[in-house]
Structures are given as structure tokens and as C-alpha cells.
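What follows is a group of structures, each given as C-alpha cells.
Shared between the two complexes below is chain A, which pairs with chain B and chain C, respectively.
The block that comes next holds the complex of A and B.
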């Protein structure tokens, strides 16, 4: 099957996940997806959980707190939104692990450009994070305390943001320089 | 002191980073690692620093195998981290403390050394950082940041100093200073660079990594720099047209760039 067909199937699956409101169906679909993804399944599960745990944790906690105070807390709703996010993120990781995104988007030059730029930026930021983490490991003679970890995470976050902004500015200027944008601004 | 036996390492996508590399480095040696971009110079330093582990082969430090499992022994890990220090190519990766003073004191404080403050003063003086001690490192220039990183590593008095392209971001004055500073150090140093004209200033022994990630040369740097076919094979020289007035010709040669 071509990369483009897989992209269509993936887009349809994402749409379907937003239309299903039964946690059992969503849970069942997630289970089927995990089983169907073969030998990569545990790596994909780990990546998915790592990717969503912080965000979903904060959102779930916020929802539980506010809804609880209002007396409107619904465990089924909490389960539903978490399963939906897990399923969509899992499908995303499964898709990019199996399908060449650039081939899938080859039908649209604009989407191909955007995907190439996003992949390039993502890879550069990943290398940067790897470097920061290795440097932190290298400089620590003892396991660092929580305060040091948080300080390091804050520095790394600020530098990443800085680098991402700088990268985006450079990319935009380079694209303008190469005639990608028509606007003179 | 340092021994690599047939070490190979590949990235997660299977691309090789180092292939079948064997070498020994004795105490006090000053080694320069040369190679084209992407040949594995930084990976070699990260293996020597115990940040990346060989997929095949063995790394021994003072006869002890350096493995992921070995780092679970906290006393050994602390000793290794104190003795083998790596200066990253990007100094920003190493700086996370609120001031330069805290940055230099970080290692000594972790060890609970009573003279942490004195060490900060000593290395700040040695590297010309006294006026910057109370500034946050993000306010510093690239060269100053590199000096802060170096001071932070040297405050622990490591036995081995690994430097990844330390002159890549330095201006000519700072480069001259660093060369003098390193030549006065008694520490074992392993320095990566692709600057051929500065390489002899950084050490007498030279390792050249090939583009297939194997060790192409291990010997005296003067011999390596005289061996034009070797430099061509390692992609350390290039060929292009020169113009001398009306005369134009082309030959293999090196340009040094940072």
C-alpha cells in the first residue's frame, strides 16, 4: 500500500477517534492498535505514555479538581478523554514509525516543505536535548537533587525555546531569501 | 590508563558511529583526534567519558571495564566522573547554575570539598573570570562561556580532560590563549579538531578517524601532516583552483576553518 493511502487511513482513524464517545470502544480500538503494531508495540506504548503523561496528568488533575468542586465529576468522561488522547498519539507514533511522511505528503509541495522543515527542526532540537542531558550526566558526580534537576530542566527549556525561535526566524528568512514567500515584509 | 579494544558503536537507526577502534592512551599524553565531520570524533569522546557505550568491544579505564552496569556503583561512578571530564562543543549544554561562581563550584560542592570557594577563586583567576563570577552565564560571550566550562571541569582537577572542538567557536585571541593554557596543563588531554594548522599545538600524538568510522592513523602528528595521501583519504584536505595573477592551478591542500 502506498504511503499516501496510509496517510488517508491514518487521517480517517483520527477523525473516527474524535467521533467515538464510548470509552469501551476507544479502549478496545487502542488494544487492537497495540496488538496490530507487532514487535514495535512496547516501544510505541512507552513513547506514547512518555509523550502524554505530563500533559494529560495536569489536565486530568485540573478537571478532577474543578469538576469535583462543582459536584460534576465524571470518571467516565475523564477515562474517555485520556483514552482518546492515548489512542490518537499512539496512532501518530505508529504511523510515522511505519510510513515515510515525506512520501505520504509528496502530493502537496507546501505540505512536503513544512514536513521537511519540521523534521529538520525536530532532529536539531533532539540532538540538542541529547547533548544537554549527556553534559548534565557528565558533570554530576552524585545523583543531583530535585532543585538542581529543576534548574537544569528550566535552563534546557529556555535554551530550547530560544533555539526554536532562532531556528524559526532563520528558516523564515532563508525561505524568503529563496523566494518561497511573496510578501515583502 | 585508557584502553579501547575493537570498539564499535552504531546509532539507533543502525548508522555506524565508530567501527573496530583499538587504542591505548597513557597518563600525561596529549592526543589530538582529527577527522572530517561525522566521522565519529565526538562519539569517541563520549565513549571515553562513559556517556555512550560500545555495542561491541571494550573500554577500560585504569584496567577497569567502563560499562553501563559499572556506573551503578556510586563510589566508582563518582570517582570516574571526577577524573574524566568532557568539555562539550556547545558550552551552553553544560551551564545551568545561576552564576559563574556557582557553576565553577558545582562539582567541588557535590563532593563536599571544604575548599570549594578557594578552588573557584583559583580557577577564576587562572582563566581570567574574576570579574564575571557573579554574572549569570547566559550573559557571557561564547569564548567566556567556554572558559567557565573549562574552569568548572578543572576545579575538580581531573586526570583526563576531553575537549570536543574547543577552538571551533573561539576568536583568534581566545584560541591563542587556550593553546597556551592547554600546553601548560599536566593533565592527559584528548582534543578533537579539524583545524590542521593548530593540531600540532594541541598534542604530539594524533589519531585520524576515517569517513568509514575506522581508525586510519595513530602516530606522530608531524608524520600525519606530511602524508598527503593520508590526509586526502581522511578528507582533511581538498582540491580547488587557485589564481595567482594570470596563473591558475589546482592541487590538494588544507584550509583551516573554525
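The block that comes next holds the complex of A and C.
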């Protein structure tokens, strides 16, 4: 199946997961998805649990506390919401691990090009932020004060803007020189 | 501040997709008019910039930190529609490439943070800039964070009202407005102060670099032609 079909199936599965309110169906589907995802399953399960544990933990504990005090606690709700979130996040990681998004967007050359450029530039800027943060840590043996941290964050922001704007001009010029904007007619 | 997948009902995200879809089409037309040939590369780089800004840590009292939202800064520098498109793209790419966030929450996150946050920033800036520019920038950034948090809290808080079982048990996010408003908005009032301080510092730097009049969609140069998007120092030399 093509990447685009997988994208549509993934979107339909997400919609279905929000239309079903039976924990057994959601749990069963999650089990089927885990089994069907093959050798990657435990890595995906670990990623999923790590991704949801914080937000779901806070919501679940908060619900247990508030609903318990009001006498409205429903274990079925806790099961439903946690299974639904686990299923949707698991499907997301599975989709990401199996499908090349850029191929899925190939139906629109502009969208595909936009995504490719954004990913490439995003990785370059991310490396820059990592370098900044490592340099900052290595130059501060003691925890720096608020003012220093704010100035460091502002310097990163300013440099990111600088690099991004120059990157945009450079990319436009490169595209123009290769005839990207020329009328195909 | 992002809402993850699974907590928003289809009664909310399906209409939100319709609204966001119209806004994306309109924004794409506006940005294309303003930037011309540069639309794709500029938008791609600004999307990367939004992603990178979200990796910068905002210092908070007590040695803690939070991620920068950055939408106020983007809206002030590049305009509401450019900021909205870049923010939406980064949310979509994060969901589809890294599995972060989610497709069902995407239109709500995009409308709240990308559009309402950006519009609040530019609105506050336009209102206050004639009196005191630095205060206008700071309040614009603070306003963008606060408005986005307020909308997210409202959307989460109405879930029990619009998507509950017949016996009243919630099916999606369980807490009403009495809990979501203080829980989401109050911490963001403080985060907004840190974001405002950061935005002012970057803004000053942007001014010295001559960026403010560069974007056709920005609040400073609403009708600037696309050709002006070459950096000042490059045009000079």
C-alpha cells in the first residue's frame, strides 16, 4: 500500500477511536495493533507509555481525587480515557515508524517540498540550539542566575532568527537559480 | 500547553478542522500575496524556526524552566497569517514525523496558539506601540501566551458539557471550566512574563538588524513588497 493510503487509514483510525466509547473495543484494538506491529512492538510500547505517562497520570490522578470527593468516581472512565489515549498515541508512533511522511505528501509537490525544506532546516536549527545549550552548561560550573539564563535564551532566539532569515534568502536564491519559479509553460 | 490526542471529542475537533481549514486557505493566499516566490522557502524556514524556538528554555524562578512558545515574536516580526501557517505546519510535522501532539488536537492547538495567540500579539502591539514600544512588545508577547492558554482551557473545560455519557460520566477530558481555567491560565500568566522578557530582548536585536520592515505581512510593513525581504546588509553590499 502506498504511503498516502496509510496516512488516510491512520486518520480514519484516529477518528474511529474517538467515536468508540467502549473500553473493551479500544483495548482489543490496541492489542491487535501491538501484535500487528511486529518486532518493533516493545520499542513502540515503551515510547507510547513514556509519551503519555505525564499528562495521563496528572489527569487520571486529578480525576480520581476530584470525582472521589464528589462521590462520582468511575473506574470505567479512567480505563476508557487511558486506553483511548494509549491507542491513539501508539497508532501515531506506529505510523511514524512505518511510513515516510514525505512520500505520503507526494500528491502535492508544494506540500512535499515545504515539509522537506522545513525538516532539513529544523534539524540544522536544532543542532544549533543543542550546541548553544551544551556550551552554556560547560561554561557555568555553578547554576546561573535568572538574568544570565534569560540573556542566554534571548541570544539563542536572536541567533535562530538570524540564521533562519538568511537561510530563507539563501534557499530562495538557490531555488530561483535552478528554475523552480519558472513558468513550466 | 499543547492538547494531546484522545482528550478532545469529535464534536469539537471536526468543526475546529472546518474553521482551521478555511483559515489555512485564507492564510496561504495572504502569505502568497505578500511573499510571492519566497512563500515556500520562507514558510519552510519559519516553520523550522518555530520548532527550534520551542527547544529554547525559558528561565523561571527557582531554577526551573519551560519551553518558549514564540508565537508572539513571530507574529510581531512576520505577521499573523505567516505565524499561523508556520505554527500549524510545525504542529502537523511534529504529529506526523515524531508522533508528538496529535492530529485530532491539531486544529485546536493551531487556532488557539497559532491564530488567536498571534492575533492577540499584533492587536495589543498596534494598540500600545504609539505610546511605548517596549511595553507594547512585552504586553503583546504576554497577551499571546495568555489568550492561547485561555482558549485551550475553554476548549478542555467544555468537553464534559458536550461529550458525556447519558449518566453524566465524561467521555473525553473530565474537568469543567471551574478547574481548567485556573489550572491552565494561572501558570501561563507567569510563563507569559518570562516570554515577554525574552521577546523584548530578541525584538531589540531584531530592530538593530533591520528585520522589522522586512515582511509584507508584518504589523510594521503591511504592504511591503516581497523584494524587500533580502536582508539589509546584503542589499547594501
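The rule is short, and it goes like this: the second predicted complex is superposed on the first by the 107 of 185 C-alpha atoms of A that agree within 3 Å, B and C clash if a C-alpha of one lies under 4 Å from a C-alpha of the other, contacts with A are read in each partner's own complex, and residues count from 1 in each chain.
Methods note: contacts are C-beta pairs under 8 Å (C-beta built on N, C-alpha and C of every residue); 3 or more make two chains touch, one makes a residue touch a chain.
Worth saying up front: this structure is predicted, and the values here are computed from it rather than measured.
A.B. asks: Pick one for A:119: touches chain B only (first), chain C only (second), both, or neither.
C.D. replies: A:119 contacts chain C only, not chain B.
A.B. asks: Considering only the touch criterion stated at the top, classify A:156 as touching first (chain B), second (chain C), both, or neither.
C.D. replies: After superposing on A, A:156 lies in contact with both chain B and chain C.
A.B. asks: With the two structures laid over each other on chain A, which partner does A:30 touch: chain B (first), chain C (second), both, or neither?
C.D. replies: Neither: A:30 stays clear of chain B and chain C.
A.B. asks: After lining up the shared chain so the two structures overlap, which partner does A:18 touch, if you call chain B first and chain C second: first, second, both or neither?
C.D. replies: In the superposition, A:18 contacts chain C only.
A.B. asks: Which of the two, chain B or chain C, is in touch with more residues of chain A?
C.D. replies: After superposing on chain A, more of chain A is contacted by C.
A.B. asks: Touch check for A:172: first (chain B), second (chain C), both, or neither?
C.D. replies: After superposition on chain A, A:172 lies in contact with chain C alone.
A.B. asks: Could you say whether A:101 touches chain B, chain C, both of them, or neither, answering first, second, both or neither?
C.D. replies: second
A.B. asks: Name the contact category of A:92: first (chain B only), second (chain C only), both, or neither.
C.D. replies: second
A.B. asks: When the two structures are overlaid on chain A, which partner does A:77 contact: first (chain B), second (chain C), both, or neither?
C.D. replies: After superposing on A, A:77 lies in contact with chain C but is clear of chain B.
A.B. asks: Which positions of chain A sit in both the chain B and the chain C interface?
C.D. replies: On chain A, the overlap between the chain B and chain C contacts is residues 128, 143, 151, 156.
A.B. asks: Within their complex, state which residues of chain B touch chain A.
C.D. replies: 46, 49, 51-52, 74, 77-78, 81-82, 85-86, 88, 90, 92-98, 106-107, 110-111, 152, 156
A.B. asks: In their complex, what parts of chain A are in touch with chain B?
C.D. replies: Contact set of chain A toward chain B: 128, 131-132, 134-143, 148, 151-152, 155-156, 159.
A.B. asks: Which of the residues in chain C come into contact with chain A in the complex?
C.D. replies: For chain C paired with chain A, touching residues are 4-10, 13, 37-38, 40-49, 51-53, 55-59, 61, 63, 65, 68, 70, 73, 77, 89-90, 93, 95-100, 102-104, 165, 168-175, 179, 194, 197-198, 201-202, 205-206, 209, 211, 214, 229-231, 234.
A.B. asks: Under the definition above, what is the set of chain A residues touching chain C in their complex?
C.D. replies: It comes out as residues 7, 10-11, 14-15, 17-19, 21, 47, 51-52, 55, 59, 62-63, 66-67, 72, 74, 76-77, 80-81, 84-85, 87-89, 92-93, 95-96, 101, 104, 110, 113-115, 117-122, 124-126, 128-129, 133, 143, 146, 149-151, 153-154, 156-158, 160-162, 164-169, 171-172, 175-176, 181.
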